[in-house]
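There are two complexes below, and they share chain A, which is joined by chain B in the first and by chain C in the second.
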Partner chain A sequence: MTDAILEIDDLDVYYGKSHALKGVSLSIGEGEIYGVIGPNGAGKTTMLNAIAGFVDYDGTVRYDGTDLAAVRPQRIVRDGLVYCTEDRDLFPYFSVHENLLMGAQFRDDRDGVRADLDMVYELFPRLDERREQEAETMSGGEQQMLAVGRALMSGPDVLMLDEPTLGLAPVIIQDIGAALETLQAQTGLTILLAEQNATFALTHADRLSLIETGEIELSGTHGEFHDNEYVREAYVGVH
Partner chain B sequence: MISTILLLGTVCSTVTGRLGRVAGTLRRQVLWPVGRTLERLLAPIDRVLDPVADGYNRSLGPYFGEMSGLQFGVIAVSVAGLLTAGYWAPMVGPLLGGGLLRTLALASIWAIFAMSWDIQSGYTGYISFGHSALSGAAGYTTALLIVHVDPTLSIWVTGSVSVLAALVVGLLIALPTLRLEGPYFSLITFVAVLLFYRLTTAFSSLGGIPGFGQPDVFTWDPMLRYYYMAIPMLLIALALTFMARSNLGMILIAIRENEPAVSAAGLNPTKFKLWSFMLSSVPMGIGGVLLVGFTGNVDPSTFVVVDNSIEMIAIAVIGGMSSILGPLGGAFLFEVLNHQVLHGYSTPVRYLFLWLIVLFVLVFARDGLFRAIWHRLGAVRGESE
Partner chain C sequence: MLGDIATLVLQGTMISAVYALIAIGFTMIFGVGGTLNLAHGALIMSGAYVFGVLAQGAHPAVAFPITILVVALLSWGLYQILVRWVEENVVITFLATVIVAVAATEVILIRFGSSPLGMTLVSGAVNLEPYGINARPRIVQFVGFVISWVAIGLLWYYITKTDDGRSILAASMSERGAQLTGVDLHSVRSKTWLIAGALAGAAGIILGSTGGATPLMWLNPLALAFMIVVIGGIGSIKGSVVAAYVIGFLEQFTVTFVGHGFRGILSLVVLVVFLLFMPQGLYGREFAHD
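Right after this comes the complex of A and B.
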C-alpha cells in the first residue's frame, strides 16, 4: 500500500442520542479508489459529512498529514479534499459551463483552470455538447456528471463521491465508472466512493469497507470482497 | 404596513390560479401576435446595429455584458436621452403636467436606491426590508454635521463622512444577521429600520418629526439639479453593472440559487454576502447625500420610514430584480407615473394605483417589465429570416 493521504481514526458521530457512527477507522492510500458500501442508513453520508467538516465528530481525520478538526470546510476544499454530495450541489439556473466555472472560482491559476475545463469536457462529452444548457433542464445522469465535473474544477487531490449512481440508467453508470477509472489512471486522483450500489463499487474500487449501522463490518481488497460469501449474498446479489 | 402585506399575500395566492389561466389566454391571443409583428418590424434595425454592437461586445462586452444590435440601440438611445434631458424635458414636460425635470431628478435618486438594493437583495436573495436605514444614516449624518459641527463644511467633507456612515450602519446590520438563514435576515432588517425611525422621531436632538431644515439644496436651477442627480446615477449604474457581471456577481447569484453548493465549491458565502451589503451601502449613502441636496430637509418621513424601503423593492420588482438596469428603468417608470401621469390625483389614489401595478407585475411578469423587454429585444434576430 502507498502512503495514506486520508486517515480516519475512531470516528464517532451522534445525532442527539442516536449513535450514527461508532468508532470508524479507515486509511486511504494516495491514488487509490476506495469504496465504502453499505445499506441505506448505514452511515456512509454521515462519515463523508464528518470528513468534510459538516458535522461534529469525536476522533481524528487526517488529510495529507494535517488534522482537520480545526480546519474550516471551505479551507478543506481549497486544500484539495473535494466533496461531491448526494444532493449534487448544482446551480439550477446556471449553464453547464457556468456551473463548472463556479467550482474554480477560488483558484488563481488561470491556465490550470483552463486545462481542467478541457479535461472535464473531454472526460464527459455529454457536458461538452451541452455547455450552454441550464443545469436544471438536464437529466439525472447529466446532472451527476456535471456535479463530478464541478468538483473536479476545484482541483482535487482527493475526491469524495456520495452515491454517484443513485437513480441512474445502466449506460450512464458505465460512463461514470469509466470516467472515474480514467481520472485515477491519468491524473492520479484519489477517490473515496460511498455507494449502496455494491456492484458498482466492487467494479471500480481497489479496496473497500462494508459499513452497517455505523460500524465497519469488513475491510479488504477488491479481490477479498469479490470472493466474500456474505458480501456476495447480501449486497451483490450474485450466487 | 404588515397587515397590508399579509392581505396582498392572501389575495395573491387565491387569485393567482384563475389569473394564471387568463394570463395564458392573453399571452397566446394578444401578446404573442403583437410580439411577432414587432419582431418583424424591429429585425431590420437589429441588423443595422449589429456591427456596432459587435464592436462593443468585443471591447467592453466581457466587462458589462454582451448585447444584441437592438439591445445596444436601446441602451444608447436611453443614455443619450438621459444626458440630454436637461434640454428636452422642459419642452416635453408641459404635456405631462409640468415639472418633468424635477421628476427625472427624483427618479435618478430612486434609481440609485433601487440598484443598490438590487446588488444586495436581488442578487443574493437575502431580501432587505431596511435599506432606507442606510440612506437615512447618510442623510442624518450630513444634517448633524451641518447643525452641530460646522455649517460651512464642504459637500465633499459631509458627503464622504455620510457615505462612510451608511457603510458603518450597513455593517452593523449585516455582520450579525447575514449568517442567519431563511426569513430571519429580512425580519431583522425590517426591525432595524423601524428602530431607526423611532430613534429619529423620539429625540429632538435628532430633529424629531420635523427633522432638520438647515442643509442647503445643491441648487435651485432645475436643469443643474437634474444633472447633479443623473450623472452620479449613471456612474453608479456603470459601476454596479460591472460588479454584477464580474465573478463577484456570479457568486452572489450562486448564493441565491444554492448556498450550500457555494460552500462546497470552497467559497465562504457569508463573506460574499457581506461584500454585497457593503457594495450596496456605499451607493445607498451617495443616494442619501443626493436626496439631502434635492430636498434640503432631513426628516424621518423623507428618509427613514419603512415605506421608503418597500418602495425601493417595488421599483426593483417592477423593473426586474437582479439585473441592475431593470431597477434603473423601474425607478423612472415609477416616478414618471407617480408625479407626471397621475399628477392630478391625491397621494393615496396614486399609491393605490402604483401598488396595483406592482401586484400586476408580481403576478404576470415576475421577472419584471424591463427584464422581460430586454429578453424580447435580445430574441429579435436581425440576420435570420
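Right after this comes the complex of A and C.
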C-alpha cells in the first residue's frame, strides 16, 4: 500500500449527549478511492464534517502529515482537502461558469485554473453545454456534476464526496462513476467516498469500510467486501 | 407641464443617485452577514461632518478621498470592535448599532452643537430656465450623480469580475458553499463593511454639501435605506439601485405635482404595497442567506 495521505485516528463526535462517532479510525492511501458505506444516520456525514473542520471532535485527523485540529476550514480547502457535501451547497444564482470560478477563487495560477476549467468541461460535457445557466435551475444530476466540478477547481489532492448518487437516475450515476474513475486514473486524485448506495461504492472503491451507529464494523479491500456474506445481504442485495 | 416633467426627471435622477449610494452598503451588509446595521445612517452623518471639518482647511478634492477613507475605516472598526462579537444575535446587533447611532448624535451635539454645519464640495448652479425647465440645479447635484455611478460601476466590476468581489456575492448566497470553496468568511465580512463605509462616506459628503450636516441627519437616510432594501429585495445590490430610483422618482413626483409637504407619502404607500403583496421585493431571489 502507498503512504497514507489522510489518517483518522480514534475520532469521537458528540451532538449534545448523543455519541455520533465512536472511535473511528481510517487510513486512506494516496491515489486510492476509499468507500465508506453504511445506513442513513450511521455517522458518515458526521465523519466528513469533522475532517473538514465543521464539527468539533476528539481524536486526530492527519492530512498530508499535518494535524488538522488547529487548521481552519478554509485553510484545509486551500491545502487541497476539498469537501463536496450531500447538500452540494452550490451558489444558486451564479451560473455554472461562475460556480466553477468560485472553486478556484483562492488560486493565483491563472494558467492552471484555465487548464482545470477545460478539464472539468471535458469531464462533464453537460456542464459545458450549460455554462451560462444558473445552478438553481439545473437538474439534480447536473447540480451534482457541478458540485464535483467546483470541488475539482480547487485543485484537490483529496476529494471527499458525500452521497454523490443520492436521488439520481442510473444513467447519471454511471456518468459520475466514470468521472471518478477517470480522475483517479488520470490525475491520481485520492477520493473518500461516503455512500448509502453500497453497489456504487463497491463498483468504484479500492478499499472500503462499513460504518454502523457510529462505529466501523468492517474494513477491507474491494474483494473482501464483495465476498462478504453480511455486506451482500444487508447492503448490496439482489435487485 | 412639460417644464414640470423635465424638472421631475432631472431632480429625480439626481436625488435617486444619492439614494442608491445610501442604500447599497446597507443591503450588502445585510446580504453577507445577515446583519441589520442601524448605525448605517450614523456612518453617513460622520461622512458629512468629517468632510465639513476637513473642507474648512483643505481643498475639497483632497478632503473628499480622505473622508471616504476615514468613514470606511470607521465602518470597518465598528465591525471589528463591536458587531463581529454579537452578529449571531439579531436583537443584540440591532440594539448595539442603534446605540452607536444615538451615541454619535450626542458626540456631535457636544462637539458641534445643534446648528447645521455648512460645507462646499462644488459651488455654483446651472440656470435651466432658458431651456424651459423650471429649476436651478446646483452643480454639486450633478457631481453627486456622477460620484454615485462611478461608485456603482466600480462596485459592479469588483463583485462580478474579480474573485475577491465574487466571494462577497457568493457568501451572501451560501455561507457553507463559500467555506467549501476556501472563502474566509471573516475577511469577506470585513471587506463588506469597508466598502459599505466608503459608500456611506460618499453619500454623507453629498448630503452635507446639499443640505448641511445636522446631528439628526442619520435618521432620514436610515429610513430610506430600509425602504429601498425592502422594495429592491433584501440583499440584492441591483434591487437597491433600481428601488433607489423608484423611491427617488416617487418623491420627486409628489413634490412636483402635489406639494413639498407630502414628499414621502407616495413612497410609503408603495412600501406598504410591497410589504403586503411582494415581501421578497423586486430582486429578492438573490437573497438566499443560510
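Assorted remarks:
The rule is short, and it goes like this: the second predicted complex is superposed on the first by the 238 of 239 C-alpha atoms of A that agree within 3 Å, B and C clash if a C-alpha of one lies under 4 Å from a C-alpha of the other, contacts with A are read in each partner's own complex, and residues count from 1 in each chain.
In this text, a contact is a pair of C-beta atoms (placed from the backbone, for glycine too) under 8 Å apart; a residue touches a chain by one contact, two chains touch by 3 or more.
Just so it is clear, the model here is predicted, and its values are computed rather than measured.
Once the complexes are laid over each other on chain A, chain B and chain C cannot both fit and instead clash.
By the touch criterion defined above, A:Q74 reaches both chain B and chain C. Look at A:G149: by the touch rule set out above, it reaches neither chain B nor chain C. Of the two partner chains, both chain B and chain C are touched by A:G103. Contacts of A:D89 after superposition: both chain B and chain C are touched.
In the superposed model, A:G38 lies in contact with neither chain B nor chain C. The contact surfaces that chain B and chain C form on chain A in the two complexes overlap at residues 72-74, 77-78, 82-85, 87, 89-94, 98, 101-103, 105-106, 150-151, 154. For chain C in complex with chain A, the touching residues are 163-164, 166-167, 169-170, 173-174, 176-185, 285-286, 288. Touching chain C in their complex are the following residues of chain A: 52, 54, 72-74, 77-78, 82-85, 87, 89-94, 98, 101-106, 150-151, 154. Only residues 247, 250-251, 253-254, 257-258, 260-268 of chain B touch chain A when the two sit together in their complex. Listing the residues of chain A that touch chain B in their complex gives 72-74, 77-78, 82-85, 87, 89-94, 98, 101-103, 105-106, 150-151, 154.
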